[in-house]
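Order of writing sets the labels: A, B, C and D. Residues in every chain begin at 1.
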Amino acid sequence: MPISIIDEFKIRRLEVLDESGEADAELMPPFDGNEIKKIFERIILARTFNQRALSLQREGRLGTYASILGQEASQVGSAIAFEQSDWIFPSFRETGVLLALGYPAWQLFRYWSGDERGMSAPDGLNIFPMSVPVGSQIPHATGTAMAMKIRGAKSASAVYFGDGASSRGDFHEALNLAGVFKAPAVFLCQNNQWAISVPRHLQTAAKTIAQRAFGYGIEGIQVDGNDVFAVYRATKDALNRAKSGQGATLIECFTYRLDDHTTSDDSSRYRSAEEVEEWKKKEPLIRLRLFMKKKGLWTQAYEDGVAGNALSEIDKAISQAENYPPPDKADIIRFTNARLTLRQKKELKTLGWEK
Amino acid sequence: MPISIIDEFKIRRLEVLDESGEADAELMPPFDGNEIKKIFERIILARTFNQRALSLQREGRLGTYASILGQEASQVGSAIAFEQSDWIFPSFRETGVLLALGYPAWQLFRYWSGDERGMSAPDGLNIFPMSVPVGSQIPHATGTAMAMKIRGAKSASAVYFGDGASSRGDFHEALNLAGVFKAPAVFLCQNNQWAISVPRHLQTAAKTIAQRAFGYGIEGIQVDGNDVFAVYRATKDALNRAKSGQGATLIECFTYRLDDHTTSDDSSRYRSAEEVEEWKKKEPLIRLRLFMKKKGLWTQAYEDGVAGNALSEIDKAISQAENYPPPDKADIIRFTNARLTLRQKKELKTLGWEK
Amino acid sequence: MAKLNIVQAINSALKNEMKRNSDVVLLGEDIGRDGGVFRVTEGLLEIFGPERVIDTPLAELGIIGSAIGMAAYGLKPVAEIQFMAFSYAGLEQIFSHAGRIRSRSRGRFTCPIVVRMPYGIGIKAPELHSESAEALFCHMPGIKVVVPSSPYNAKGLLTSALRDPDPVIFLEPSRLYRSIKTDVPDEDYAIPLGKAAIYQEGKDITVVAWGAMLHRAAEASAGFDAEIIDLMTLKPFDEEAILNSVRKTGRLVIAHEATRSGGLGAEIAALVAEEAVMHLKAPVIRVAGPEAVTPMAKLEDAYMPQIDRIRKAFATVMEF
Amino acid sequence: MAKLNIVQAINSALKNEMKRNSDVVLLGEDIGRDGGVFRVTEGLLEIFGPERVIDTPLAELGIIGSAIGMAAYGLKPVAEIQFMAFSYAGLEQIFSHAGRIRSRSRGRFTCPIVVRMPYGIGIKAPELHSESAEALFCHMPGIKVVVPSSPYNAKGLLTSALRDPDPVIFLEPSRLYRSIKTDVPDEDYAIPLGKAAIYQEGKDITVVAWGAMLHRAAEASAGFDAEIIDLMTLKPFDEEAILNSVRKTGRLVIAHEATRSGGLGAEIAALVAEEAVMHLKAPVIRVAGPEAVTPMAKLEDAYMPQIDRIRKAFATVMEF
């Protein structure tokens, strides 16, 4: 047969919780009421951090900040699937992931105020500093996953990145390497439809990002990124595959960036208010509330209590961050390498930074 | 439906001429007897160049050389599909392409003897110098194709690269850009199963390279790369698509590198003689001869004549190359920029290279 | 003649040249509808359309690599990289292709691209938004490197870059983007590449600086009779201007933001050590960033050489 | 003790350290079954298996990037890049991640990788197989750069690199790979990074060189009383060794293959212009590659500084 079909691929999309708050019984992860409440509380915490960060930035108390509004389900839903020994490689828009994993909020405020010390994850939390060069962190996750495999660890590494990042060569090389080495890696693309002003359809002519997985011989799936249960399920499945030696997975969380790209951006220059309004109706908290209400897990009073707790936790973190002594200038030099060079010792002296 | 299929892809493979020399009547390009003979003659010419280059290298008269043995159908079959206004971006293993396009053989010998002047394509031939950093030429083809589109030219650009190159980030960024801009580009992957010692299945876990096309929203097809008619047909189709505004195509020519990677390589270190023997049976000339014989286009005497002409053409080219004056040292500096800097003028003087 | 800042001056140079030369096309992330993250290309999409002001996917290697292909075909592509650090992904394209293609093809193919990018410390943006790695580009052959220090020279230098037959890396000091306004003619004008400007004449100390540091050096010079050279083109730089000045003053201070070791200051100091060392009345001093990566916002001001450090260097060479 | 060439000495260092430290893993193109294009890793796959000697796809960015991820997790990855020019695709990983991760995480994460690659002119390989771009790595903070000049120091320096807590770029002069044999102990030994060696003592001229140029400089010194410093570690380099020697000789010649402008010679000359200029009896001279890309095989010897050029420099500083 001169034109033959040598292979076929189907791009799957996973949805569990629909916009009316109805969950698919078969696919619904086996969460009990308390676990679901904890998910809700983590989303509220992330959103509270986000709101406070945005206002602090406006007040000049933080530097440029990247809002996660609308992406909380993609972030919290995936984060809660990890185990302590897994490694996480975040981009700069992963506040929800980091908080859900227990990264101290005050440290995150320090980071966003332009202080390296905020990037030093507490011991026991294997969270790499957020990567600023878009996509460049993806190969690190492949490497860590390869190392886990070499060491025989039953762990996985996961990396977060955006739709924009998926256009970078780093994405390609990292996913291909992960495929070849059957590395226990999970590639979590947060497709929030925009890379600053570039909409998804101008980022790539492919219909989905998930379908790229086939080009690397790894698993790929798109999930409704505003559906916290679907994101959890896909991530958990991917982690299980990874840890049982079945290799890597690319998960495309189909979500939306409701705010400006960062506090330096003005998204009204390039997208319509209508588009944003449409997506606001789909934001993750609405459907989770509906679901919880049906299950008797949600009342307004409950949410008010959660929000109040979150606000006081975040405000405590802010004052902790703001009351911390400013960084030592000598640290600029001191952490370059394990040991100071003679030149650096001289510099510390000349600059008057020596203690 | 919570797990839905949002898209499906089929990977096609094109074959026209089978190993017994039988061509598919429907898919066979409309070549007349003379055209078919010309194809045969170009393959012989390429193979003759190749053999002579290998022996010159052994004699110390050429530098490291990369043999094309076995890949002649992929090279000649694609090359003859181009028009004069198309642009070609070759890798270092494209002797057959270049010769088929009329690149002077003596210039190629100059190149392989380590002389930049061999890379200066004659006017009217839009052939970029062969790229040595594997895969790094792929974005150039995208750019030229974008420029053609901007200028409204009815031309296309084509780039040749190997299976190894398809693992590089350059490949990814270039194909994705071409997809977004519907650039008139043809990406010709010469999958010869090996990247030095790395076999295809360790280069990527994907079953084909062609299937990557779907990840960029462009067309993709695998062809039997030892089938000169299939390669021609796929290339012509891709060029037609490109020139009629339908965008880019990735063609995977499934072929085999019968010789060592280069004259510096010893492939017996990493692959079996049996594997090579198996592929030798499939080399492109065997089936073309059978086909031509059936059509009354081939006799041994004819081939002897062709081979004799090729040999004398190539030998003439060799002596032309070898009798050419050696390069001028001043050229090292002279071509750095359009104009010499003061420093460079001084250097020419100090080095005694000034005329 | 209008008072413009550097952002506007660059915009004006691009606009004029795009009108004059239909081969000029711009490409980069967010340069179209958004007008660029610094608004340098604001309004150009509306005038020249999406075929000449091209919003690209997020792919620096691809942007620079495709610009090379465009240039080979005959266009004059101007790529914007959002911040200098993000050009690192494209360095292979710049070093192994853009800077070499003329030489390796013995003039058959050329690469008249311009790669524009903001650089340097000073706007308290996130990590890796404050790099001063100009020395990387200055080392590798075949590439010109230009840094303006004022709206006026930004326009004139960019116009020259846009008419240059070879690749030009055009580094825009982000700290200065909106902080200085000067008179800038509406019409186009070219300031030749490879020539430095004497920003301030003086007898005692030769000071070489560029971009944002030029202004710090000038401020620091109060009370010193310093000749301040605005290098403007970093590669190939104006050796004669420096040597003539040093032969006159006998003292050389170089000020740059980049880490000292292997910064462009080294090349300038080395030039003088080779060609005017016997004129020196004092050791050369480089006032430069320390042996460390550029820190985040809270410490970036501490990293950048301060006026008092420059003054101390002036005092040291005077007292020697 | 066996007589080994540099290829064998490096192989021996890798083998010993892999035995000593099970965290050491090698990765790169063709390093396993093929033993590397220069056979540096020959036999190691057989001893240590495919989990520790990893043949990778053709992806330099991915090789270096994944080595960073391995190192963060606790391994000691040693990446081989086939030729220096192909590391350019990984420069972002080196500059923005490997060299910064300790600093930006304030010590929480580190990057003890070694990236090995052949470099330099001399084996008449194809284009871009003869780069000498060591200055790029020397400029960017957080990275060490090492160049051996003999089998003995190749093994000792690599052993140190393999025990270093930070990223080390290990540049192997391809010209020397098989051209020198010296006694090399079987057991492991470490030559400390950051220290130069006095290759030859002398009173009149300080000569600084490394890698293949060291041997040219030594040959050129016949008839001169030259003190030849083998720099070995290019970043951070041994400032004291150079300054002490220059203070004694009053003359400095630096020889390197790389293009002169912005090469490491500039930093060395600048150091002396800053800290020992008043000891100079003659101008500093850099004998270096011209302002041009490294040519292909037919001209590469012409590009590389010849012995007579070095001798002329010696004569010039002596006659000054």
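Basically, a residue touches a chain if its C-beta (ideal position, glycine included) is under 8 Å from a C-beta of that chain, and two chains touch if they have at least 3 such contacts.
Please read all numbers here as calculations on a predicted model, not as lab measurements.
Visitor: Using the contact definition stated above, find the chains touching both chain C and chain D.
Guide: Shared contacts of chain C and chain D: A, B.
Visitor: Find the chain most remote from chain D, comparing centres computed as mean CA coordinates.
Guide: Following the centroid criterion, the farthest chain would be A.
Visitor: What is the distance in Å between the mean C-alpha positions of chain A and chain B?
Guide: For chain A versus chain B, the centre distance works out to 43 Å.
Visitor: With chain centres taken as the means of their Cα atoms, state the distance from chain A to chain D in Å.
Guide: One centre to the other, that is 40 Å.
Visitor: So the centre of each chain is just the mean of its C-alpha atoms; given that, what is the distance between chain B and chain D in Å?
Guide: So the centroids are 36 Å from each other.
Visitor: So which bits of chain C are touching at least two other chains?
Guide: Correct list: 56-57, 59, 61-62, 85, 88-89, 92, 96, 103-104, 127-128, 141-142, 236, 261, 291-293, 295-296.
Visitor: If you look at chain A, which of its residues touch at least two other chains?
Guide: In chain A, the residues touching two or more other chains are 116, 133, 136, 167-170, 173, 176, 180, 202-204, 331, 335-336, 341, 343.
Visitor: What graph shape do the protein chains here make by touch: line, ring, star, complete or other?
Guide: Topology of touching chains reads as complete, every chain touching all others.
Visitor: Touching residues of chain A toward chain D in the complex: what are they?
Guide: Per the stated touch rule, the residues are 87, 89, 116-117, 119-121, 128-129, 131, 133, 136-151, 157, 169-170, 173-174, 176-177, 180-181, 331, 335-338, 341-343.
Visitor: Considering only the defined contacts, which chain A positions touch chain B in the complex?
Guide: Contacts found on chain A: 2-16, 24, 26-27, 167-173, 176, 179-180, 182, 202-208, 211-212, 214-218, 222, 230, 247.
Visitor: Help me check something: in the complex, which residues belonging to chain C touch chain B?
Guide: It comes out as residues 25, 51-52, 54, 56-57, 59, 61-62, 64-75, 77, 89, 92-93, 96-97, 101-110, 141-142, 144, 164-166, 194, 236, 239-240.
Visitor: Note which residues of chain B are touching chain D in the complex, please.
Guide: Residues of chain B touching chain D: 63-64, 92, 113-116, 132-136, 164-165, 167-170, 195-198, 202-204, 264-265, 269-270, 326-327, 329, 331-333, 335-336, 341, 343-344, 347, 351.
Visitor: Flag every residue of chain C that touches chain A in the complex, lowest number first.
Guide: Listed in rising order, the residues are 29-30, 32-35, 37, 55-62, 85-86, 88-89, 124-129, 261, 290-293, 295-300, 302-303, 309.
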